[in-house]
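So, here come the structures, one by one.
Two complexes come next, and they have one chain in common, subunit A, joined by subunit B in the first and subunit C in the second.
Here is the complex of A and B:
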């Protein structure tokens, strides 16, 4: 009797959801573990050198960069989300989705674009010279820590904006209406209510920003900023020491997981799900006169700097170079980019939902650490993850060699690691964080009470998911899909190392030119990346609207 | 009951995704025709070996358009299909190392003698034997065991403001570290391989201590903290930030023939100076190709090297990219001809690789960002 009871308990825990969640975790964790293991190898003499000369300076610069980018992205992202969610003003409907567009601009492209625009030969100084305004070139020096913070903020704030806006629009109605009824001023509502209740959403967006900044190599190396990422690559490319590079990456990841545990401890006793049975969407208030203009101006300025200006500049450059660069091959490039990104997005969402659902329903420490490890892969520079995935696949191919031989593929060929399976796996491993965070934020705000009610009424986890949970996290799922998809359209380091022969994406084509400082030629593929992301944002947006009805 | 069906449907979804994935994965793979299954299929149908598609597989860290043009020409001439993976040199070496015997790659192409030497040291290359190549490429542009063959070189020169600097004031790299250039020198960051190789060459020529003093002197003389690429240094001269910059010749060519008239104006205000003509010679950087140790299409690979080092291919590479050809018979474009002959550093390129780590250590030590 007791035994049967225990068995039932085990069966209750181990279901298809757990299985899929664990598979997803395994895809991410295997390469991540292969990196972590390096911490247990004895360090070599290069490690001493790194500790002595590089570490302190690089860690400090990384902290400054992350800190200020974090502050600014939250300020801009949350302010915009609040404006769009809570007010009506001219062109709001346009800005609502247009403010997501800066995500389509890869940070390294934005870095090159602003760097060249503000350089001596760039349009800004040229125009000033033409009007004979004396120019101090140092004033326009964007290639500095300040400049890097500026660029990162511009292209990354949409993470915070998007996730926070989705949250505010759907969930915050009753709190804010009550506050208004109680006579709170808008500023006080923003500080005392909006910021605290959107904390999980902000944290979700901010996490992505932080990961993106920490793992970036393109922008930081071009601007000469010394971050941990640059140190990793200096060790690898300069000292030819992959092991120490991987070791650095492992420390970086350990630090990031540590940060999460801290954040978790800080909000351990709070729950952020809505406790009312019905969470009303926020009804926007109409702004008039000077306030409407101010809102319009703010949104317009952010949009202009983060998207419009670089976009127009790239258009001008593309106009100079398209004759040499643009060929019918771009159709293939676009097709390649789209297909890999679509497949990977589908897989990521599938695993994210499963893993997040499991973690939510079995809220224990193990599930939490697992979920954070799953996303921590995002904090490591892509090239390091790539090495982990590469090692894994080559080993897998070696294991499968007898099978290949029987299939008549020859002696120990590389089948999997010469196919797109490797690249897609790497995408899933690296970008799980993006999908997962969005989905998790969605689950977090609905809490478990509906699910529990449904289970009490006799539905299984799966039926409950499709009937109860899925309709409620649809919005989050959509933001997750856009974010992941756009992220992969512009992804570079993984595609660069893990692609099969003759496989080019738009990003690798961009890199081909940009790495050689040929920014005008790079403008053409960059515009394709932006175009593809643009269209996908619009399509997702329309789909999302249709579903909401 | 319900649960079982749910699990089944989930599994079904997973299988569908896998199938989708596999289907997509096999598409481009078959196109490349290098995974063997296609070749195998043809053999089984009794086709002779000659009908089997001839290929050569390249891992390359050279990202120039002209390379693709040359591969196409090669395919037209020989019928051998060229499959390419482009990437960063060190990452590709890592990939070669990990793939070991199974590697599909036949050739490894990259920029910088240090990296070529690193590939050799990593044991992923093998010697090339070909009379044609020996004829095409002079000995100093080849590895001493012929494990890699030079394709082109670029000189790391000093460019200066024609307004503010007279060429007579310039002499050597070493001189740039002296007090008279305080606050006037521009150079990019130490993450650049070109700078690492330059310092490595000075370690070889002048010894470690002198090289360190030099690096310290350069850092003291910097007009600003290193930022941007080589071309950005040239622009900074014209903008008045500094007077002299260390940069590669082909970047200067790119500026001079840029589509942006403003960039052309920049190049026109600058002079190019080949340093160390009376002493050790101007620093050269080499790009080259190596035969992969476990190459499966060795014959085709050697043919491609022969083609790339041939007169015609060399001239085209030089014309499109403003690099110096390694084949002395190849025609040089006008800009390179206008610079005339110059004395180049006479050191073994392998030494650049050997000293690279030391160079980086010095740069970190003296605070060359």
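Here is the complex of A and C:
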């Protein structure tokens, strides 16, 4: 009886959509899986050396970086969110969305921009010297752990700001009004009410920040900071020791799992749901005089440091160098970047739609696991995906060697692992979550009723999808495509490591210019990347507005 | 012969007390049966089980003599020949009223499709409203489009989930009578769930209480 039931369930759920969805999950999981397999190889001498002398340092540096960036992004992000949500002051409407803009600046671009601006020959120290202000160069030493924390905080705080602000604006009205009526001072309201109730939102933003930090390669390697991520790349690039890189990746994976548990812990205990179902939006209070100026100054300063100053500096450099950079080679770069991003986006959306549709139609434990697997890539640092994909493709090439030989490609050539397939696979694995989440949100908004109605009118799932579901999730699909596309245009470490020989993208070229100390030349591709990212920030903002309605 | 034959049907969300426990019912051709019960009593779930939108944990359902679900069989909703009017109608917002009604007529050729479409709009007295989009119709009109859409493919049984809950009280009495006339005219077998005994009194031949 039970067996018959189970068989009935399997027959009912098995269809083409399921297989495509599962394939999508496999693309995400295989790289991680191949890391685990490699762990069973006996470690080599290099690994002994790394473990004995270097690992502790890598782990500590990573922890410091994560810890302090976490603290500072929360401080700045929550303070700004509260200021914008609860008060009215001059230019607030502008800052409300402008403070999201730093997200358009990838950390590695901010890193070399500030690194150069604050160097001995940079604009800051030069100007100070010109005014004959005595400068201690050490104070401006941004190429350090301190500096990295500073840059990360500047470009990543918007995650915390954005999510917390949205939460405060929408949800907190009645609690805060009550607290005011009970005679609490603003400071005590902030500490006793605002912080505790917005904890889930803060945790959500903070998690995104921390994943970015752990994943980063561009900024940390440019500043010479040895985190586990940079170490993975260096063992591989510098020592060509994939085995040890894989081992480091496993360590990092353990850390990520730790982060996950931490996030759960931060969220779970106080998973209070509102006692009133009607959440009232918060009515902002008008600030006057000195307080209004202080608020304006604070927002202005954060905006200037995180976006305006580096942006203007890049414009100036671009103006100096554009004639040398904008050649036919640049056109190739742009073409490479856009085409890889476009192909990967198409693949991601294909898998995302299938997986999301399966999850939505089944709505059971299996579907939940599938959706978690498909989105796992975003929480796996780029370094791990890179190593995993490489290990996977090398193994694949070994397996396919007889086939290559028969095709007349010679003994044991590297076909797949020298091709663009590898980079695209890595992109799909890493960024599937971005596309999937957008598609899922679209499906959630329309619910299952229309689908059910269509099926009762005699259409199967596939016809229903094309005639009913697809036209209704078009918007979500479009914004998902843009968000995914932009992620890949910005992406650095995967492109740097997995691209075929002589294949450059805008990001890798920028990084190369910067590491060759050709900072001015780097400005043009950087501005291009910032421009594309800017589009995604705008789309994201519009999306948020639509959801609020 | 009964059109719908339900035997010992049970349903539970995983590891909970069953919502529907050993429920049996048979409906004759042309009968309009009302199921009356308070909210949360599993009325809607019953309809969803018959339609194939949920899977029962036990029991069987046969429609027109063909078993659509038992412990081995599961016929998907699109092949059960069941029509359903949803509580909030679920009219496709990106299609006009005519496109909505024609949606289930994909198996007909073009000329018979047009013919059926015209019949349906006449039946629900909405001729002239074919080109309107759902949001351009009133609540009562939307309901009639939903009804026409469900009836158009000539299902063996029509399921209606709280058909009047979205209409204001003044409209209800009028629409109840209208609905009864339409169902009679179409000689439709119908299973209707509601929490309002006035609904069943006005429309149904037989009432089943569920608690």
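The rule we apply is simple: the second predicted complex is superposed on the first by the 321 of 549 C-alpha atoms of A that agree within 3 Å, B and C clash if a C-alpha of one lies under 4 Å from a C-alpha of the other, contacts with A are read in each partner's own complex, and residues count from 1 in each chain.
In the analysis below, a residue touches a chain if its C-beta (ideal position, glycine included) is under 8 Å from a C-beta of that chain, and two chains touch if they have at least 3 such contacts.
If you're wondering where the values come from, they're calculated on a predicted model, not measured in any experiment.
> Give one of first, second, both or neither to describe whether A:452 is in contact with subunit B, with subunit C, with both, or with none.
A:452: touches subunit C, not subunit B.
> Mind working out whether A:518 is in touch with subunit B, subunit C, both or neither, as first, second, both or neither?
Only subunit B is touched by A:518; subunit C is not.
> Would you check which partner chain A:472 touches, where first means subunit B only, second means subunit C only, and both and neither mean what they say?
second
> State whether A:230 touches subunit B only (first), subunit C only (second), both chains, or neither.
Touch status of A:230: first partner only.
> Between subunit B and subunit C, whom does A:460 touch in the aligned arrangement: first, second, both, or neither?
A:460 contacts both subunit B and subunit C.
> Which partner chains sit in contact with A:330 here, subunit B, subunit C, both or neither? Use first/second/both/neither.
The answer is neither, since A:330 touches no partner chain.
> Who wins on subunit A residues touched, subunit B or subunit C?
Tallying touched residues of subunit A, the top partner is B.
> Taking the two structures together, which residues of subunit A meet both subunit B and subunit C?
Correct list for subunit A: 460.
> Which positions of subunit C touch subunit A when the two form their complex?
51-53, 55, 57, 71-74, 76-80, 82-84, 86, 88, 90, 92-94, 103-104, 106-107, 149-150, 153
> For a test of understanding, state which residues of subunit B touch subunit A in their complex under the given definition.
For subunit B paired with subunit A, touching residues are 2-3, 6-7, 9-11, 13-14, 17, 20-22, 24-26, 28-29, 31-32, 34-37, 40, 44, 57, 63-65, 83-92, 94-95, 98-104, 118, 188-191, 193, 196, 224-232, 235-236, 238-241, 251, 254, 258-260, 262-263, 265-266, 356-357, 360-361, 364-365, 369.
> Name, in rising order, each residue of subunit A that touches subunit C in their complex.
Checking each residue of subunit A against subunit C gives 1, 4-5, 7-9, 11-12, 449-450, 452-460, 467-468, 471-472.
> Going by the contact rule set out above, which residues of subunit A touch subunit B in the complex?
So the residues of subunit A in touch with subunit B come to 15-17, 19-20, 23, 46, 49, 53-54, 115, 119-122, 125-126, 137-138, 141, 143-144, 221-224, 226, 230, 233-234, 236-242, 320-321, 324, 336, 339-340, 343, 346-347, 350, 383, 386-387, 390-391, 394, 397-398, 407-410, 412-415, 417-421, 424, 460-463, 496-497, 499-504, 508, 511-513, 515-518, 520.
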